[in-house]
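All chains are identified by letter, namely A, B, C and D, in their written order; residue positions are counted from 1 within each chain.
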């Protein structure tokens, strides 16, 4: 895992000629940024698009997942098993089996190839996973806390805002990072539901790889640029992410 | 989620003409299996390929994940935090950032476009997730059970075989279904690392969609055929999957 | 300062009744204990009073006001009942400071900020936790958490306190002092308190009155001393007291006008004040005697029973002597063991005033009604 | 049938020492108790003996054989030590039947199948669980699980039993009987047993000898009665006995040849047999008296102390009276409360033979060495 990453960065810093002569993981003989400049120009627009819809969809799916998770975990009701079944199916359902009818629906709605279609699709598709994550965390919050808050005079909304939400930073990090990376990495929705008007970065990157047949340095630099937001998020939130994953409460 | 699925199946059972005249979710006026027959002929080979490598990679990544999870959860050692960090990165790392160097490496190894490259890549890529899943389950097995087995005379291998493994059916179902569906749904590795020689179903399906421009009935039937293995697994294992997901032990 | 009346309460979980026809009338300012083994329905009853669960049958009244009525499908919401609850795990909000925890119920009421500050400080002071107000719950010991939970309950001046095993997470030593503190607090505030516990010593030492529950039904409601001296039935007799009352199965025999309690080997003359037991002739009865009401003697005497010492255990200031009479095991509690050792055959002398006789079939103490 | 010697054991967790310089010599066939509050290092010591954790310093010997030596970096593996362990949660393998659970250690040894069957059956029979052999652990009650865990330990005929709070998950009543069963079992098998508990009554009643641990160090090793009658220091005095010994801070004063223990309000004449305390003149000392060694009287007498009754609690057969002498709180345990009520001022009379005097600075009982 480390080796391909390393040779990717090395390749990105090489000239075309250098690339042909040296081993992938050897450092470049002359350091050049041609690859970065070329791919930067091609990727900057799509990267901006991706950051936009990924962030919005991440935040929305986490918030909605937190609310749904609270409802499923703490407000037991009839049919909660059915809800759980639907969530499970929602997580494991193959994209491919719904992508084409979805495509037709989206076309008919007239939001094809826009920011909103990506936000909408990813938010909805993300909710089952985030709900499950938040649910498992909220299950571990002792029942007595809810009872105490009720007896202390709080209604459901107050309990959510003043007790549940302040206790949720760790699951928000876990669900957030999970959602961000999987939306960021998505290729299939990007391929099907967007075109040149609102091109996401994952799709644009594969165009670089496809068009400039052997310009590996460009491709490598593009890959690196593409990975950068995820890496930044990791550096910023990695500590909390690991805490969240290791905590008894919210698990893998 | 239900609506697109429904209209997909309906569309698959229509003729081309019927399809153009009716709403997507209306039942077909005449029931035809043309779509199914056409897509079956195109998909049967790739479907077989996919079932093969998906099953093998799923079993391998679960087994290895179970062993790694046991090691990480119960044989505390120095550097286990580092292992955990690597696992986390392994889960969240964007495919795209390593796919091209990986492509080069695979080419050089001479296993491009074969069963083994898909098994290898998916097994390795799956291990972080399965390890984390098994770890969180094994963490919840009381420490005293391991201590008791040790004092009773059992070595590490015996403990794994006679205590851990028999206690693991639920996490095996959860990790197995999770791995199966995500390997099955993979498009990017399929696109990059295979060609006509060993074509996976996800890739073949998008070819149907791409080539026969408006033959929606074929595409729908193909989507349905493609989803069938996942649906079968759900029907067979759904009960245990839900148990596993709802159990305190293995979450999300 | 509220009288709480529970009538005919029934709560089902699935097929079985967690609470079955419970009737209790709790007086103003009383410290009332719900005591029983786990699963007896005591906590369920408490949660019904708090409004946190809805019973299938029955009514609950706070003074003249109905708060729960299954018949009328009327359930006042927990937040409107103005009761305060203390939980076994204290249920302190982990993300709030001690101050915020205590202030929470007041803030919900939209009380004036200055007023809140004043009330929280005075309450914290009265419980000796004023210097902890800025701490987070993580930094508190078990005893401190318990007092924070109490403070949060007290600060609201509620109609009633509902306490669900509030001392069971404290260590044994702290519990003794916390118990005394709680009792003083109750005396000072005079607020009706319903206290759930499975610990019979806690119940005995704290309660004004105790209701003993078993399998969802009430076995006895009485003052602690009465429950100890005159258990209504076999369940109560076996549940109250540690070590528990010795219960010996046997039957009644009359010979030459003398009534005997007999087993295979025991032939015990029933004292004249218990002569009513002869009405149970032919039926199975159970003789009950507490370990502390048995004396051990080397010498045989009238009406003594021969037994073999199996084990002698020191429990601090007393010795628990495990004895065997045929298959029966009897425990006696004595202060001085010098004359006895294991495997000795000794004579047991029961304190005749402290005997109990139960009808085995119904479980009833034959003398409960006449002596109450 | 093994003598176990622990010398100079040290186990660190991070910076702090969980176990610090522990020396114990456990005799053949002894039932030896490690007693202390949670975190005192008692379980850590037990796990070192089992070989499940490796100490940083010290040695452990089974008879003449060394099994752990930090100095020589030699640690015999747990599976080779042939000790059997019973855990607090019983650690029964949940996927195996009771039979398989008991057979597990024998199967590991590759014992003959018929032999295993015979041994498992006879062991199960001796513990009265023969009819449970086909059950899964889920179907067992707490008491039954505990016996399965015991059976699995016994079946191997180990060098020693290591028990980590094996009774603490049983309810109070069952615990009393399980304790007696355990004691009989130990007497029958005669296998060296090391028993960890935090419950002082359990320790007193079960142990041949007790080691009291606190913060990783041994405070006292003695027979139960000695520990109760002659606690070596303040920690032991406060830890053993329920309610705990009253400990009153004060100092020594000598006036006209009479030695007094004094606090702000108390002026207590020290009985002549404790005259050595006058050597502590000018230093802080602590007077210790157990609640059961205090009498209450309406009448003032020589050397009595005035106190106010704060609370009276019934604890079954006795009353716990909480008294106040200036800031000191004193608990007395008396059988008859008829003459007293709350807020009465009474006179406390200490049983002079049961007094203890501790040096506050060192914590030592001033009379431990001379009376031992």
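In this text, a contact is a pair of C-beta atoms (placed from the backbone, for glycine too) under 8 Å apart; a residue touches a chain by one contact, two chains touch by 3 or more.
Since we're looking at a predicted model, the values are computed, not measured.
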Would you pick out the chains that touch chain B and also touch chain D?
none
When the C-alpha atoms of chain C and chain D are each averaged to a single point, how far apart are the two points in Å?
27
So the centre of each chain is just the mean of its C-alpha atoms; given that, what is the distance between chain A and chain B in Å?
19
Whole-Å distance, chain A centre to chain C centre, using C-alpha means?
55
Give the residues of chain A that touch two or more other chains, as numbers and ranges in rising order.
none
Counting only residues that touch at least 2 other chains, which ones in chain C make the list?
none
Looking at which chains touch which, would you call it a line, ring, star, complete or other?
ring
Complete list of chain pairs which touch one another:
A-B, A-C, B-D, C-D
Can you list the chain C residues touching chain A in their complex?
47, 50, 52, 78-79, 81, 83-85, 87-89, 91, 93-95, 104-105, 108-109, 152, 156, 162
For a test of understanding, state which residues of chain C touch chain D in their complex under the given definition.
37-38, 171-173, 176-177, 179-180, 183-184, 199-201, 204-206, 224-225, 228, 238, 240-244, 290, 292, 310-311, 313-317, 320, 322, 331
Which bits of chain A are touching chain C when the two form their complex?
142, 144-145, 147-155, 158, 162-163, 166-167
Show which residues of chain A lie in contact with chain B when the two form their complex.
1, 3-5, 7-8, 11, 24, 81, 84-86, 88-90, 92-102, 104-105, 124, 129, 132-133, 136, 139, 177-178, 181, 184-185, 187-188, 202, 205-206, 209, 216, 219-220, 223-224, 226-227, 230, 234, 238, 241-242, 245-246, 248, 250-252
